[in-house]
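Structures for review follow.
You will see two complexes here that share chain A, one where it goes with chain B and one where it goes with chain C.
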Partner chain A sequence: MSFRSAALLVLITLLCCVTPAEAAKISDVVETGTLEQARRFFSLTDNSLRYALFGSILLGISCGLLGSFLVVRKMALVGDALSHAVLPGVALGFLWNMTKDPVAIFIGATSAGLFGTLVVGWITRTTRLKEDAALGLVLASFFAVGGCLVTMIQRLPTGSKSGIDKFLFGQAAALSSQDVTLMAASTALTVILLVLFYKEFLVTSFDPVFARVTGMPVRLLQELMMLLLAFSVVVALQAVGVVLVSAMLITPAAAAYLLTDRMHRMLILAALFGSLAGVVGAFFSFLGNNLPTGPFMVLGASTVFGTAFFFAPRHGVVPRWWRRRSRGNRISRENTLKAIYRVLEDRGFSDEGVTLEELSALRRDTLVEIRLQAAALAQNGLATVDEPRGTIHLTPQGWRQACAVVRNHRLWELYLTNAAHYQADHVHEDAERIEHVLGEETVRHLERRLEFPHHDPHGRIIPSLREFDRYDAQRAPEKPSGYRQQ
Partner chain B sequence: MNDFIPNFDARAVFVSPWTDTFATYGWIMLMGFLVTVACGLIGNYLILRRMALVGDAISHSVLPGIAIAFLVAQSRHSLVMFGGALAAGIVTTLLIETIHRRSRVKQDAAIGIVFSSLFAVGVILISLFASQIDLDADCVLYGEISFVALEPLVTIGGIGIAPESVFVMFLVAAVVATLVILFYKELLVSSFDSGLAASLGINPTIMHYSLMCALSVVVVSAFRSVGAILVIAMLILPGATAFLITYRLPKMMVLSVVHSALSSVLGVHLAIWLDCAVASAIVVAGAGLFLLAWIFSPTQGLIARFRPQLLPIEAART
Partner chain C sequence: MHDTPRPAPPLEIHDLTVAYHRKPVLYGIDLEIPPGQLVGIVGPNGAGKSTLIKAIMGVVPAASGWIKIFGEPFKKNLTRVGYVPQRESVDWDFPVNVMDVVLMGRYGQLGLIKRPSRRDYEIARECLEKVQLLAYADRQIANLSGGQQQRVFLARALAQESDLYLMDEPFAGVDAATESAIVTLLQELKNRGKTILVVHHDLPTARSYFDMLLLINTRVVAFGPTDEVFTPELLQTTYGGRLTILSEVIQQVGSSAR
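Now for the complex of A and B:
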């Protein structure tokens, strides 16, 4: 077992130990029965609970959809800046008539967020400061202005009960029917615009120059995207909170990005993950007697991302590690096959069996190593090992693979000397690597290009396709007629 | 609305913090200055190395570090907090690197994912164990700088010197300033020309990780006073303002110190007038100074840019 797999095992064991411990602590805090709470959550009898659930699903959808565009355009932290910059707008919207009027807060927050992104643009265009500094600066400065305003509101006699602090870490249970209506409207708008202008958004995201050439209003589309983004951030505020809303934009979309290469699939997956994270967050926050919702949603999204990071079929760490391992194993098997072929070739293919000693002499390897390699061949049905006599016999399939590898190797050597004019003593190393990756088609092409050669630059015979079946032919009398293994 | 913006009482705002209530506000101003100056000195290099957002990430992710250190050690000793924060800082940097290298997620998204997850862990820990961790959500966001004057004084030889957190912050700021001066050349070269730095035998990885460690220490010592998010402003604003005024690194460092001093004094006055969170007010004042530099900077300001430029030949003649 390699070091990496051992490390992975340790990590998984650790995680398994940590999770129950964590869960136990959480349940300690909850006074009422957890099961009872869970049952209440899923029965959906409670009105406020239903709003919380719908709200979480809606915000997951709109954040996931727009976050996907942020992630593929490498603008993830623009979302972060925008989400912090809305705070002064929330406070001003609240001041409008000293209530948590969703519409006023929506307008105030959207304008503040958009203004923040505009300021980032101005700073990067008119100063030497780079985008990262501009983002951090706007994010924290706007947040500070918002912080001043919020503490000033809380000082007011009516302000202390305003619930404006719920905007910081989010409280899904505080969603009202008005909030959910607004969320539904904004999400619907986002979905409709994305469906209508999908092609335009796609092209401007991946190739803005091409988009401009084909006459698309790139600038307008980008501004529309920022507007929708601001909508989805503001709509999510109440449930996730100012501080963590950017995670709902980035994390589900990044998880989806690991799972697919097509934008439309990524959008669907991101919306799915987003709403899943939303529901999980609302659930846990409800279980824990109205703990802040935002952090739980973010952790839900992070869990999805972590799973995708490790187990995504194509881009995940574990499948990639597995593929690399199996490729390494195949290469080592092919090298053993090649060595067996060489031993057989040296004695003119007179006898079938190859002893382990002969192999270890040729490969300059210990007998133990060779025995392991032989076992690997036997396990894959490429050879049979005669333990008492210590000999290896290739199966027909093994013979064919051995011939193919040797053929790849020698054809490539010949190609390098004849077509690329390498010195004959410089080609072996290169061929040693490429013999494992040459495809059937390339080999046939090489053969035609070299006019079906018989000998490699070192004078050895290149096994031809006819050669592949020679082994069968030798054994043919023992087998029932018509036997041909593919 | 009248309640919202209090009447401007010049005496209360400008005079009394320096006279009657100096015992309180003097410490707050000093603390604000020390925090901003330590952050600002490190921040200069974050701006030059385009790592401003790594500062963002670390400032968020020290929260779980502090919370876990509290829970494990059951003590709020500064060293425990530094340990937790350093560990959190290193974990953040490593996680970002791992996600960025081992998958096709780009660095910006990796930063966003890591710091938000860690911050979420921190917030959950704080809300679950509120009785054991003496941090609350408000402190995480705005800091509690106005409480420094209430802390017991650190005494050396029986003489009270300074409130504990001011004393710690002073040590941190002094260490940062000393390091920045001592390793001035190394920082300069490795920030502007990593190739030259490598050829001079300065290991870029070591420089990077030492800067990250210094950053974590500064962020955690500032954390109680200014919270997780405002720290970003303290890191970036002084350097960014100075960056708009000068082209020379030594001048930039001096100017960022001046910016820190001005913003903390102005911020405290602003907070007294508006009766709002002091740390936020310091950042607002700092942002105001940045705005001034952006508009009026003699060489790079908006006004200077839009003034008709002399042709190079005329400029040479004058």
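Now for the complex of A and C:
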């Protein structure tokens, strides 16, 4: 929480250092080399560049914060509809006195956006249409009206230089000091209100009925949230554009959602990702001499999301795949260990080592396969392979694991026949799967339940804890003896 | 000479009617719940059980009639009412952990803007202990079983430290262990003088769990001590023609009454 307040303070201080109306607009600058441009970007000497950068950071923060609430409330489409619905307001604000007056446009756009959400509510209340259809309707029709108005303005004698077309895809370089002040005010308001009413917004988002029952002004809070949302969409328009502002609401928040399980962390991450995307957008737009900012910002945000999608530790695709793969490897190793145990058992644990041929006969696998399996065991320190003699020898650790998996298998078989009344010839398949997932806790439980059994349903001895620790058992002539009272 | 005025009952409902799209769901409900009782609300699907709970809390508007909580309108006695909603009413993927949810029970007492204090955390921990979930305090709520999720809601209601509890199907879809844990908890609350209303959908257990039963089907069919209300005749009236499901239970009641 305090992190965000601190970040905001820093930003505001930085903004105060900006002295307006000094340097030329970025658009007036003649074309220079890419490296030179990059150097200029990072040296921050250019005032309008500073506006563009701070503006982009500010919009990233407020869109990330509010977007987080949209995402967890499954209201992503609302952001989309709202951002499209503001366009006629932008045009009307411009027509008010035929200049790009930020205040007039702010008022026009905010009212158009809020009016759009009102219409959505009205349609859902009075017809059978559900919210998604109503949102789609409002989004399209408002945007169409806006499109007509914008075209009309551009046909006007003064229109072509109005810069109103910049509202479609955004142009951070066109931000004026007044625009940035407005953005700072709106972002500050958002941050302050979210910090003050964090717990209220949290509970109304999670469980609105409960929130209402505990006396929270749920309706008021929801309207406040919509108002803040309208503000940040409107101030972001100039930099990202109408078409893509909803992406700045959703994408950073969605990336943050994949990375954490706590709301406050999600908010901080989303604000961070949002401003990062903002900087990326401003940078590339500047580098390419005033390319539209919006698409670059959204690409930046999408890259963050893509990274989170693939690499998020818990929910990411790659870590999940990795976990599945390593589980698969473990299961395969355990199966090899089990086969080695079986070979040893069949000859009464009389001799050291198991030959690859014996193993291949038992597992009905080719020698090549068996060699690979043996290598996997050796790699994990579970066995050593005596290449010249072609034998595998379990290490103490390998022996313990082999005992454990055989015990799991046989205990489970016994449990199924004794407690769940399965037929003895039905239990093997099931035990093949369960043996790899039984935890120690469950094993203890099974043992107690089955009264420390000696034999599985097929008459084989279930290795007990004593066998586990007796690595010599492989060499000793004495057979493992199952559970015995000490 | 001076009779001390009788304290206001935890819940008093007078001529309550609730309608959805002009079709009455509850009609002319009169009710007075005495304090310190564990009351089961029983009735067929669509009988208005959940609606009654929501109407009491003003979440569903009443078409007519009034409701008083300890002699006052609900709005004035918010903090004296604890609520356990149906488990499906929230998104369990929401980015909060168990502790966050239980702390929400303290929000009503805290009022606006104020943050939970150390004392609030203490209370939340105690409530988690009571539902045997303290070990799960840091878990994200999606990583819980259905029964555990239900107990999180219960702990949140406990954290409200209310005098009247309204619970909407707390036994729905929970495992046997959770069910018995909830029953113990309800008994304990009752013994501390709390009044508890529980919407319940399972007739056989309703008989053993509750002191009093409210049989409801748009109208109040019967309200009274379980022994008096749980009769074949009244159950038949409540459930109307839908006897196929219930004939067994009713027969059991009949035979055990002999």
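Worth pointing out:
Heads up, the rule we're going with is that the second predicted complex is superposed on the first by the 438 of 486 C-alpha atoms of A that agree within 3 Å, B and C clash if a C-alpha of one lies under 4 Å from a C-alpha of the other, contacts with A are read in each partner's own complex, and residues count from 1 in each chain.
Everything below uses one rule, namely that a residue touches a chain if its C-beta (ideal position, glycine included) is under 8 Å from a C-beta of that chain, and two chains touch if they have at least 3 such contacts.
None of these values were measured; they are calculated from a predicted model.
Once the two complexes are laid over each other on the shared chain, residue contacts for A:74 go to chain B and to chain C alike. In the superposition on chain A, no contact is made by A:272 with either chain B or chain C. Touch criterion met: A:247 reaches chain B, while chain C stays clear of it.
Within the superposed three-chain model, A:331 lies out of touch with both chain B and chain C [touch as defined at top].
After overlaying the two complexes on the shared chain, residue contacts for A:202 are found with chain C alone; chain B is out of touch. Applying the stated contact rule after C-alpha superposition, one finds that A:434 touches neither chain B nor chain C. Legend: residue contacts after superposition of the two complexes on their common chain; A:257 is shown touching both chain B and chain C. In the superposition on chain A, contact of A:302 is made with chain B only, not with chain C. Of the two partner chains, chain C is the only one touched by A:210; chain B is not. Residues 74, 257 of chain A are contacted both by chain B in one complex and by chain C in the other. Every residue of chain A that touches chain B in the complex is listed here, in rising order: 25-26, 29, 71, 74-77, 79-80, 84, 95, 123, 126-130, 132-133, 135-137, 139-141, 143-145, 147-149, 151-153, 155-157, 165, 168-169, 243-244, 246-247, 249-251, 253-254, 257-258, 288, 291-292, 294-296, 298-299, 302, 305, 309, 315-317. By the touch rule above, chain C contacts chain A in their complex via residues 54, 57, 59, 75, 78-79, 81, 83, 85, 89-91, 94-97, 100-101, 104-105, 107-108, 110, 112-113, 115-116, 140, 156, 160.
By the touch rule above, chain A contacts chain C in their complex via residues 72, 74, 196-197, 199-200, 202-203, 205-207, 209-216, 257, 260-263, 265-266. Listing the residues of chain B that touch chain A in their complex gives 1, 3-5, 46-47, 50-53, 55-56, 99, 102-106, 108-113, 116-117, 119-121, 123-124, 127-128, 137-138, 141-142, 229-237, 239-240, 243-244, 271, 274-277, 279-284, 286-287, 290, 294, 300, 302, 305.
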